[in-house]
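Written out below as structure tokens is the structure these notes cover.
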Amino acid sequence: MISDRKLEHLLLCKNCDVEYRKKTGLGDVELIHKALPEVNMKEIDLSIDLLGKKLDSPFIISAITGGHPSATVINRTLARTAKILNIGMGVGSQRAAIKHPELTSTYTVVREEAPDAFLIGNIGCQQIELAQKSIEMIDADALAVHLNPLQEAIQPEGDVDARGHIESITEMTSTLETPIIAKETGAGIKAEDAITLEKAGVSAIDVAGSGGTSWAAVETYRAQDRTMGDAFWDWGIPTAASTVEVCQSVKIPVISSGGIRSGLDAAKAIALGADAVGIALPLLKDAYSGHEEVVNRINKFNEELRVAMFLVGASNIAELKKSDLII
Amino acid sequence: MISDRKLEHLLLCKNCDVEYRKKTGLGDVELIHKALPEVNMKEIDLSIDLLGKKLDSPFIISAITGGHPSATVINRTLARTAKILNIGMGVGSQRAAIKHPELTSTYTVVREEAPDAFLIGNIGCQQIELAQKSIEMIDADALAVHLNPLQEAIQPEGDVDARGHIESITEMTSTLETPIIAKETGAGIKAEDAITLEKAGVSAIDVAGSGGTSWAAVETYRAQDRTMGDAFWDWGIPTAASTVEVCQSVKIPVISSGGIRSGLDAAKAIALGADAVGIALPLLKDAYSGHEEVVNRINKFNEELRVAMFLVGASNIAELKKSDLII
Amino acid sequence: MISDRKLEHLLLCKNCDVEYRKKTGLGDVELIHKALPEVNMKEIDLSIDLLGKKLDSPFIISAITGGHPSATVINRTLARTAKILNIGMGVGSQRAAIKHPELTSTYTVVREEAPDAFLIGNIGCQQIELAQKSIEMIDADALAVHLNPLQEAIQPEGDVDARGHIESITEMTSTLETPIIAKETGAGIKAEDAITLEKAGVSAIDVAGSGGTSWAAVETYRAQDRTMGDAFWDWGIPTAASTVEVCQSVKIPVISSGGIRSGLDAAKAIALGADAVGIALPLLKDAYSGHEEVVNRINKFNEELRVAMFLVGASNIAELKKSDLII
Amino acid sequence: MISDRKLEHLLLCKNCDVEYRKKTGLGDVELIHKALPEVNMKEIDLSIDLLGKKLDSPFIISAITGGHPSATVINRTLARTAKILNIGMGVGSQRAAIKHPELTSTYTVVREEAPDAFLIGNIGCQQIELAQKSIEMIDADALAVHLNPLQEAIQPEGDVDARGHIESITEMTSTLETPIIAKETGAGIKAEDAITLEKAGVSAIDVAGSGGTSWAAVETYRAQDRTMGDAFWDWGIPTAASTVEVCQSVKIPVISSGGIRSGLDAAKAIALGADAVGIALPLLKDAYSGHEEVVNRINKFNEELRVAMFLVGASNIAELKKSDLII
């Protein structure tokens, strides 16, 4: 049952080492210190406009969960965080709720908790028929269509027929009014795919590159035979590389995610061209301790981001995007 | 006696660390993830056509043994694997059997076991007079002429007169009807040699580069004085480099081998230009446990190769050969 | 109180690991051995002319302290060293003394101890109104205006309004007769900043790059929450890179500092283009044992510098500046 | 006394770690395997012509000792090796013997032991007046003029006036009939120096680069204060780099030495352009056990060199010099 598998995923992510062994590449990116920043750090503006919504800082709580009983409390905790900090938040794939309506409340809790927050729905790219319902379920501001061929290929029950995805996405973007975000889940997006997606009409791309949570790793723990997951543990395009490639190829907003683990990582991703950054794994772990932990982490990331911006002399996110760096 | 030495080689390969300390270079090759593969993984076609024969997947069991009593069971096991999976298989050097006819059955067992398999005979490049007999012995579909100057130079009883090899090979290819494969044994082939071999009329080249079994390593264990083997343990052209060089220099089919240890390695070698990949050491070790182990490993490699092909959006081996990569 | 914080800084620098984890980059710079130096090592001239003053060797005791009772003995020790060796010396920020006149003697001790030494005053870049008083206080030969946005951003009580700094510096240089040195404190200066500073009229630049004392590290120990200091521990432009950038961008004298730990480091920094080199942390540690230790270390550095000059065939600092190197 | 210091050097070299921490660079040089060498290894010719003398292989026993009582036995052992293998050999600096005639026999033993060997005398570059006597003392075939500014600079009693060396060498080459070899002692020679030396009329250059015996290391053990030796332990141009630079700059024969530790190292040095290779430290250690050890090591090196030549298809040293390599 999907629901069981989802719980298993949560527990593995919480308790085991599920991160890429190879790095995001952000560690090799250096922002350049400005001894004369000519900026007042206290007045630095972290806010962004994303798909028509003003958010207080560029951090987005990436899609994590929904569709099994214990997801309710996690989603409520994350939504409370989104409300308190006025940042964006995604829910996990909503397919389960549509198949099992009794699970709907594990998703709708986010809108109840955060009536005004920027919330992002989530479906697979072949589940075109679920799109409208998913949006309505949480009154979503945007719908993430996740692309996860790696996970599908590795997990025994995976759907490995990837034909027609581009067509489905094109149909969704032309029939729905809500903006569609094309989103990987940890293996990254290359320039060519980004161009295809922009042409297919998506409103934003979340690269979700390699260096953070590895779905091959997660599936390794679930598999009887670990060799497959092991071989592909490190498969994918590192977040820094994917961010650069995608930002240079398309004009739509780009969310950089996958292994973002500090405000300094976020600053680097934005300097590489991203408009916002997503985080999943660390927030999931925090969420088990309550929303104060999640709020606390994002506040720290906000502060680190602000310091980095001060030290490169950027007074807002648009200026940070234009700042120099060394790779 | 050759026969004793062959047994010694088998046992050393089975029990000792005989692999290069330096790597194949395939670890530095990255296939590029495609978030939108537009392929049905279940319909991916792993089959290849090699020298006129259709094989179910591009894995070839590289030349390993023959010529001493205990080789019979290993060769039978490997041949059974080749039959079950419809893949290619080579036997070890057949010189021993021609000098000692009582050892013939250690080779002929492969044809008995696998009447329809693609079987490759094996002789040294100076043993032109044995070529026809070797082919007939196992009704070979192709004859590998091995080039192994490193091993000859290091082993005390080695034949170190390498003059006339090109001429011998030219004579073989012009007098025999069976296709000739020029094959190294672990030190790789450089562009210049590949061009010479193509001109000499060979039908395919097996690069057998560095990074897997090291013949200098094997001979180190046999030698009284280990310094020579130690100094040359890492001699040779890494498999990835040799594969690229040879594929760019010749038009005939290229087999990449030497240190291929996963289906992902195989996918990379093919993306570098190879038409098929060979494996020796891991299959030898498996063979001691029976053909189920060997079949099992190659099945895993097939699956990994299939996943890699899915994730780069290649629906067959020809498409994989054309896919992008980063070195 | 400033005074307490200053003591805390001293003690942390003396006792804890406060150095960058990343390196200065000088280790990757190689001077080129000359087998035929054609120089008499005993006659090598280490002296430099800096801002009109002749100094016996290019080492400068960087700004360290003042403004709290225990600073007196350290400053006396360092000043005695400067007198004995006829080298330059800076005092720490003089702001404390101007706010608390009873602390003035912790600074004036240097001029009493070393009436003829080349002494450098020190203020922050926004404290323009303190400039003249600071100079008079120690009868300074030059005034260092320190740029330390990293430290200000990390420490809780930091002044993070960096607006107007360039204007302040311009005003100082146009109204004061004493030469102004723009000086970072460990995060380095980039080309663009150096050009701005030259235009603002400063007489010299002290790059104080990354690789030695890290102010983020120091503040990490003082902070309740260590994550911020930890994230920025390695922030900054490595000393070698900053030295090259600044030397190639401006015509005024350049002091290279930040992680200079041997006479060989000094030789490399000079060959990269610097006119003098500054050292803080090791001399502070020595100073706790008395001036003999400080004199001893600088004498060793002088000797190492002399040997390096001999081995590249440079008979004076000007020739060393022109010598070849490999990066 | 020189004699005591020489003994101290011998004992330190025999018992302590006196080698560079940085490498010769030969490990990064790769000869390219030739699967079709078309050479008979048994007929490979290792002989060279050096300064008019035919030697059986390109190994030269570098200058080591003389000038103190215990040197006699070492020099006899090394000379016996040179005689047995018909290779070249150098003696240590002969200055001691000229100042203390009673030490002459510690040098002359080499000519007594090896009446026909290619023997190389040794003096410092300023000791022009000793040149003719030194040659006569051992009836030298060539005279090495050693350049060792690093050692002179580090050792307390060193002669650090390096002026006039080029002139002295020019005078020697124009007045003496015996060929002069300019020889470093472990810090390497750069292109510019090599060109100067060729112009000064020397007949060959021994680069003696970094990566083997470090004279700063040796002096570190002798010094009361180890910081100086420690700082310069790794000073110098790595042997591979120095060999390439010098070979590309001059037309006279080049001896590559400094850290040559196998026949494969020698093969690489020759492929980089050298005409012969020198070895000191390992042979000194062997010499304490008798000439069989020394002969044995050089025989192994000869064999390794032969194997490397076979595997690149070189049938003599001139062909090896022209073979391809990857750096």
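Which chain is which? They are A, B, C and D, in the order written, and residues in each are numbered from 1.
By our rule, a contact is a pair of C-beta atoms (placed from the backbone, for glycine too) under 8 Å apart; a residue touches a chain by one contact, two chains touch by 3 or more.
Note that the structure is a prediction, hence the values are computed from the model and not measured.
S.K.: Give me the C-alpha superposition rotation for chain B onto chain D, in degrees, nearest 5.
M.R.: Chain B sits rotated relative to chain D by 90 degrees.
S.K.: Call it same or different for chain C and chain D: same when shared residue numbers make up over half of all numbers used at their interface.
M.R.: different
S.K.: Could you tell me which chain lies farthest from chain C when each chain's centre is the average position of its Cα atoms?
M.R.: B
S.K.: Chain A to chain B: how many Å between their CA centres?
M.R.: 45
S.K.: Between chain B and chain C, what distance separates the C-alpha centroids? Give it in angstrom.
M.R.: So the centre of chain B lies 63 Å away from the centre of chain C.
S.K.: If you look at chain D, which of its residues touch at least two other chains?
M.R.: Within chain D, no residue contacts more than one other chain.
S.K.: Which chains touch which?
M.R.: A-B, A-C, B-D, C-D
S.K.: For the complex, which residues does chain D have touching chain B?
M.R.: So the residues of chain D in touch with chain B come to 32-42, 262-264, 300, 303-304, 307-308, 310-311.
S.K.: Could you please specify the touching residues of chain A with respect to chain B in the complex?
M.R.: 125, 147, 149-150, 153-154, 160-166, 182, 184, 187-190, 192-193, 196-197, 210, 225, 227-228, 231-232, 235-237
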